[in-house]
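For reference, the structures are reproduced in the following blocks.
Heads up, the next two complexes both have chain A, just with different partners, chain B and then chain C.
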Partner chain A sequence: MSIETREARQPWILLSPALTSILLLLIVPLMFIVVYSFWLRTATGADQVGFYLDNWAEVLTDEFYRDILLQTLWIALVTTGVCALMGYPAAYFIARSKGNKAIMLLLLMLPFWISYIIRTMSWINILGVSGAFNSVLISIGIIDEPLQLLYNQVTVILGLVHFLLPFMILNIYVSLEDIDINLEDAACSLGASRWQTFLEVTLPLSLPGLAAGGLLCFVLGAGTYITPVILGGPRDAMFANLVFEAIITQLDWPLGSVLSLVLIAVLGSIVLVYNRFLGMRQLMKGLA
Partner chain B sequence: MDNSKRYERLLERYKNGDLDRRKFLGLIGAAGLAYGLHTPFAKNAMAAAKEVRFDGWGGVVSEAFRKHAFDPYTKKTGIKVVDGTFGSGDEYLSRVKASQNGEYNIAHLSGVFDYARYHGLGLTSELNEANIPNLKYVIPKLADVFRGITDGKLSCVPYDYGTTGLAYNRKYITDEEMKEKGANILLEKRLKGKIGGWGDWRTRIWYASLQTGQNPNGATDMDAVWEALRTHRDLLLKYWSSGAELMSLLAEEEIYVTEAWSGRVFALQEQGHDIGYMDPPNGFGWQECLFVIKGSPMEACEELLNFMLAPETSIAVAEGQNYPPALDPTKVDLGKKIPTLPAFDPTGKLSGLTFADPNYWNGNEQDWSKKFGRIQKGY
Partner chain C sequence: MSAVKLENIVKKFGDFTAVHPMSLDLPEGSFVTFLGPSGCGKTTTLRMIAGLLDPTDGGIYVGDRQINDVPIHKRNLGIVFQNYALFPHKTVADNVAFGLKHRNVPKEERERRVREALELVQLPHLANSYPKQLSGGQQQRIALARAIVVEPDVLLLDEPLSALDANLREDMRVELKRIQEQIGITTIFVTHDQSEALAMSDILVVMSNGRVEQVGDPKDIYTNPQSRFVADFLGTSNILEATVAEENGVAGVKTDAVGFVPLSSAQMDKLVGAANSYLVMRAEKIELLAADAPADDRLTFTGKVEAVDYQGQLVRYFVEVNGEKFQVLNMLGTDGAMKEGQTVSVRFKSEDCVAVGEDA
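Coming up: the complex of A and B.
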C-alpha cells in the first residue's frame, strides 16, 4: 500500500468510531422514526404497519400544528433577542476586563452544575404568589395583594433566557476575544468616538459570534419541552410538548414521529441557511 | 442429545469420509457462531428467572415495598427484586411498548382503564390464583372489574383505591359553597386565575360531564362537554401534571380550588394546611393494581405478589401513600390510620364510588385525548 493511500485512509480510520456512533445512535434511530411516520395507530394503541400518509397529511394541513409551530418559533426568536441584548454587554465586560477572566467564565458556567429542571423551578419560589418578589413588594408597602406573575408566555421566555444566556455570552465572548484590540485603538486615534468605534469596528467584527450564539439559543429554545410545562399557562405549549403528548399520552408513535420530523426539518433548515451564509466555524469555536 | 454428543458424531462422520473437510469445518464454524450469539442472551434469559423487575411510583411506597415485601421475598426465594420507578402511567406504557418481552415484569398501575389498555396491546398475562393465597383478603368488587376485561382471569391483583375529588382552600371557599356548587365550583368566575386542573383528558372530561349534568360513564352531549372544558380552561391558572405540583400549587395558594387526588390532599392536611376535600356525586373513583406483564416469570411474580398483598405490607404502603388498601376491612384489621383516609369504605363494598367504565373510555380514547389536547392549548 502506498504512503498516499495510507495517509488518505488514516483520517477515516481515526473518524470511524465517531462515524459509527453517529450512524448507530443518530442516523439509524432517525430512519426508524421516518418508517414509523408512515404507520398508523389503531384504536387499542397498537401500531398498524404499512405505508400511510394520513399523519403527514394531518400535520401539514391542520392549522393547529402550524399555529403551535409558529408560536414555538416566536418564543424562540424573542428568547434569542433577549439573550443577545443581555448577553452582549456581559460578554463585552468579560472580554475587556482586566480582572481574572477564568473566574468570570467559571461563574458563567456555574449554573450548569445545577439541574435544568431545578433551575427552572426556582422561578416559582421567586415569582410565585408567596415567592420572594411578591413578599418584598408587600413588605415595603408597594402592593397589598400578591401579583400573579407566573404561568404565562413571559415566564416561559424568562425561563428559557435563564437557561440559554450562558450559550450566547460564551459565543460572543469568543468572538470578541478574537478581535485585535489595536483596531479599536486605531479607530479612536483617527477621531472616532468610543460609541462610533464600537458600532463600526467591534460590533461588525463580533457579529459571527452573535450569530452563532443566536443560532444555538434559537435551536435549543425551539426544541424545549420542560420550560412551558413548568412555567407556562394553558395556552403556552410549544411544539415539543405536542411530540411528548402524541408519543407518551396518546401512545400515537406514528403521529409523534411525523411531528418530530417536522420539527427537525424546520430547525435543520434554519441551521442550513445559517451554514450557507455564515458557516459553522464560529459555532464550533464557541462550543469549544 | 447434548452438544458434545452432536460434535462427536460429526467428527465420526468426517473421519468415516461421509463429510468432506470443507463441509465439516463449515458446520463446526456455524455451530460456534450460533453458540457465540446464543450464549450472552441465554445468560440473560436464565438470569430473568433469578430476578423480578418491579416498577412503581417511588418514594415512601418503594421504601415500604422494599422493607416489607422485597427483602423478605429475596431472603425466602433467593430471587432478587430490581426496583424501578416511573413518573406517569402513560410514560411507563411507552417504555413497555418499546421493550423486549420479559424486560418489565410487575408494575403498580393506575385504574382499570390502564389494565384494559394493556390488554388491548396484548400485554396481559394469566395469574395462577392458587399461588397467591393472600388474594382472599382483597375486596371482591375490585378484582371483579379486572376479571370482566380478561375473561374471568386476572393479570393483576388490586392493591389500593382512592378518588379524584375536589380540593379547596377553606380561607377562600366555604364548605357550604362547595356542597352547593359541587363540580361547578371549577367554573366559578369569581375564582378566575385561582382554579387549577389536572391535565389528564379522562379526568377533565369526567368533570366536564358532571358540570353539564351528564353521566360521566356515558355522556351523550359531547359539544356541551367541550364547551365546559373551554370555559374551565379560560378560568384556569395552570394544568398541573404531577402530585408534587398539585400540592405545591395548593400549599402556596397559587390556586384555591382544583380536582385532586385524595391521598395528596390528606398529606397536605397532615402538614397543617386548611385544605378541604370533597367527592361530588359521581366523583371519580379509581383503583391501583399490581400488574404482571406478559412474558414475565409467572411463578416468581405470583409469589412476590403474595408478599406484597400480605396485610402488614399492604397496610404499611397504604399508610405511606395515604390511599386505602384493597384489603377487605371486614376480613382484615386495618389499624388506626387507614379508617381516617379519604375514600375509605369500612363496609368493603365500595358502593359509594363510581369507577371508570373501561369500554366507554377506551372506545373514545383516540379521539378524545386528541380533542382535549387541542382545547387545552386554546382551541
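Coming up: the complex of A and C.
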C-alpha cells in the first residue's frame, strides 16, 4: 500500500471512534427526541404513540414559553456583553504582556479544575444571608439586617459571567496574539494616537475572536440550566429549566422533547447566522 | 525634510548596553545607511529615532526640534517595516490614506495625494486591492507609498528589502533610490547587506557591538577602512598581523607572509598608538599569474592554489603563501582558471594595501 493510499484512508480510521460516538450518542438520541415530540402524554401519564401536533402547537403559541425564551436570550445576551467588556482588557493584557504568558493562561484555565456546580455554589457563601459580603457589612455597622442579594436575575448573570469569562478571554487572546505588533507601530507612526490605533487597527483585527467568544458565551449561556437553579429565584427560570421540569418532574417526555427541539433550533439558527457572516474558522482557532 | 542629529544617544536594556554613546550628523536630503551584523545596534538606533524605543540618554534632533519626548504619532516620520506592516483589513488606497486621514487632510486632497503616491511607486491600478492579494514587491512599494504620502521629515527603512528574493531586491534597490532622489527626503536605511549599503548610500555608518565603527562615503570606507572590523566586514579581505618597520628610509609594516610592505604616511598615521597593527589586502587587488609569467613592478610571491571556488565571471582562490592562507578574487582569464595544487605567482601593489590599528 502506497503512502498516498494510506494517507487517504488515515483520517477515516482516526476519526471513526469519534464519528461512531457522535452518531450513537448524539444523532440517534436526537432522532428519538424528534419522534417523541409528536407523541402525546395522556391523562393517565402514559405516552400515546402517534403523530400529534398538540405539544408543538402549545409551545409555539403559549406566551409563557415565548417569554421564558426571550428572557433566556436576554440573559445570554447581557452575559455575553459583560464577558466581552470584562474579557477584552484581560485578553489584551495577556497578549501584550512581556511576562510569562503560559503562566497567565494557566491561571485563566485554573477554575476549570473545579466543578462548575461548586464554582456556582460558591456565590452562596459570598452573597448569601450569612455570606461573606453581608457579614462584613454587618460587622462594620453599615447595615443591621442582611441584604437579600441572591436569587435574582443579576446573580444568574453573575454566575454565568463567572463561568463563561475564560472562554471569552481565550478567544479574544488568540485573535490579538495573531495581530502583528508592527501594525500598531505603523499606525502610530502615521499619526494615529494610541486610542485611534486601537479603534482602527487592533479592534477590527480582533473582531473575529470577539465574535467567536461571543457566540460561545451566548450559546453556552442560553443553554444553561444549573446556574438559574442555584442562583436564580422562582421567576428567573431559563429555557433549559423548562425542559428539566417537563421531563424529570412531570415525566412529560413529548413536551420536553418539543421544548428541547425549539431551543436547539433557536441556538442553531444563531450559529448559522454567525457562520454566514463570520465563518467557523475563527471559532475553531479559539477552541484549539 | 530635515537634517537628523543624534547627540550621545545610549540605549541600555537592563545591564546590557545595546547602543553605546553615539553621535551623528546626517545632512538634509541624504541617504544614510546603518550597516552591521545582527545585534550591532542598528535597528535599535532606528527604533529610537522612530520613537518606538526611548533612548536611555542623549538627544535626538530632527531639524532644530528635539524629539526625544515627542510621542511617535506626532514625530512626522515615515517608517517602512521589514514585513511592510500593511493593514490587512484596509484596501491599498485606505492604507496609503491612513496617515493623511489622521492629519485631517480634506477628502479631495487626500484622494489626489494617494493617487500621486501610488503613481510614484507605479502601482496606481492596485488602489482597490487588499494587501493579501499583492506580491511581496508590490506590498513593499505600497508600504513605501504609505510612508511618504504624508511628506514626513525623515524616512526610516528597517531592512525593507530583506524579505524579497534576490532579483527583485536589486530592482527595488534601484527603485527605492530613484524615489528617494525624486522627493529628496532624508532617509535612514538599516541593512546587514553590504552590497545594498554600498550601492545606495550617500553616507554609510558601519556599526558593530553597539558602536559606530566608521562613518563616511561608502567608497572611502571600502577602500580605506579605519578598523579591523570594517576591513573584515566589507568585502573580502586578507588581514595579516603586522609590525611597524622601516626599510631603506621608507616607512611600512613587516609581516610574516609577505615581509616588508611600504605604506603611505596617511596609512602609517593610522597605526600611531595602536596596540595591534594589521595589513589589509583586498582579495580582488591580488592577482594570480602563471608561475613563469614575466616579472613586473608589483610585489611578487610564489604560492600554491589550495582550493578553487568558481563563481561565474569571478573565481575565488584560496592560495597559500609562506604558510599563510590568502583569498584571491580574480576575473576568469581567457586561458581558464588556475587548478588546485598549481604553483602560481601572487602579485599585488603596495599602494593597494591599507593598514588598520586596534586599541588594546
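Methods note: the second predicted complex is superposed on the first by the 271 of 288 C-alpha atoms of A that agree within 3 Å, B and C clash if a C-alpha of one lies under 4 Å from a C-alpha of the other, contacts with A are read in each partner's own complex, and residues count from 1 in each chain.
In this text, a contact is a pair of C-beta atoms (placed from the backbone, for glycine too) under 8 Å apart; a residue touches a chain by one contact, two chains touch by 3 or more.
Everything numeric in this text was worked out from a predicted model, so none of it was measured.
With both complexes brought onto chain A, simultaneous placement of chain B and chain C is permitted, the two fitting side by side without a clash. Once the two structures are overlaid, the count of chain A residues touched is higher for B than for its counterpart among chain B and chain C. When the shared chain is aligned, no partner comes close enough to touch A:L137: not chain B, not chain C. When the shared chain is aligned, chain B comes close enough to touch A:A46, but chain C does not.
Shared-chain residue A:P204: touches chain C; no touch with chain B. By the touch criterion stated above, A:I124 is placed in contact with chain B alone, chain C being left untouched. Note on the composite model: angle chain B-chain A-chain C, taken at the C-alpha centres, equals 150°, rounded to the nearest 10. Once chain A of one complex is fitted onto chain A of the other, the partner contacts of A:R235 are limited to chain B, with no touch recorded for chain C.
Between chain B and chain C, the shortest distance over C-alpha atoms in the superposed arrangement works out to 48 Å.
The contact sets of chain A with chain B and with chain C never meet.
By the touch criterion stated above, chain C contacts chain A in their complex at residues 50-52, 71-79, 81-83, 85-89, 98-99, 102-103, 146-147, 150. Residues of chain A that touch chain C in their complex: 180, 182-183, 185-194, 196, 200-201, 204-205.
Listing the residues of chain A that touch chain B in their complex gives 41, 43-46, 64, 68, 124, 128-130, 148, 150-151, 229, 232-235, 237, 242, 245, 247-253. Residues 88, 90-91, 93-94, 97, 117, 120-122, 193, 201, 233, 236-239, 241, 248, 252-254, 362-363, 365-366, 369-370, 373-374, 376-379 of chain B are the ones that touch chain A when the two sit in their complex.
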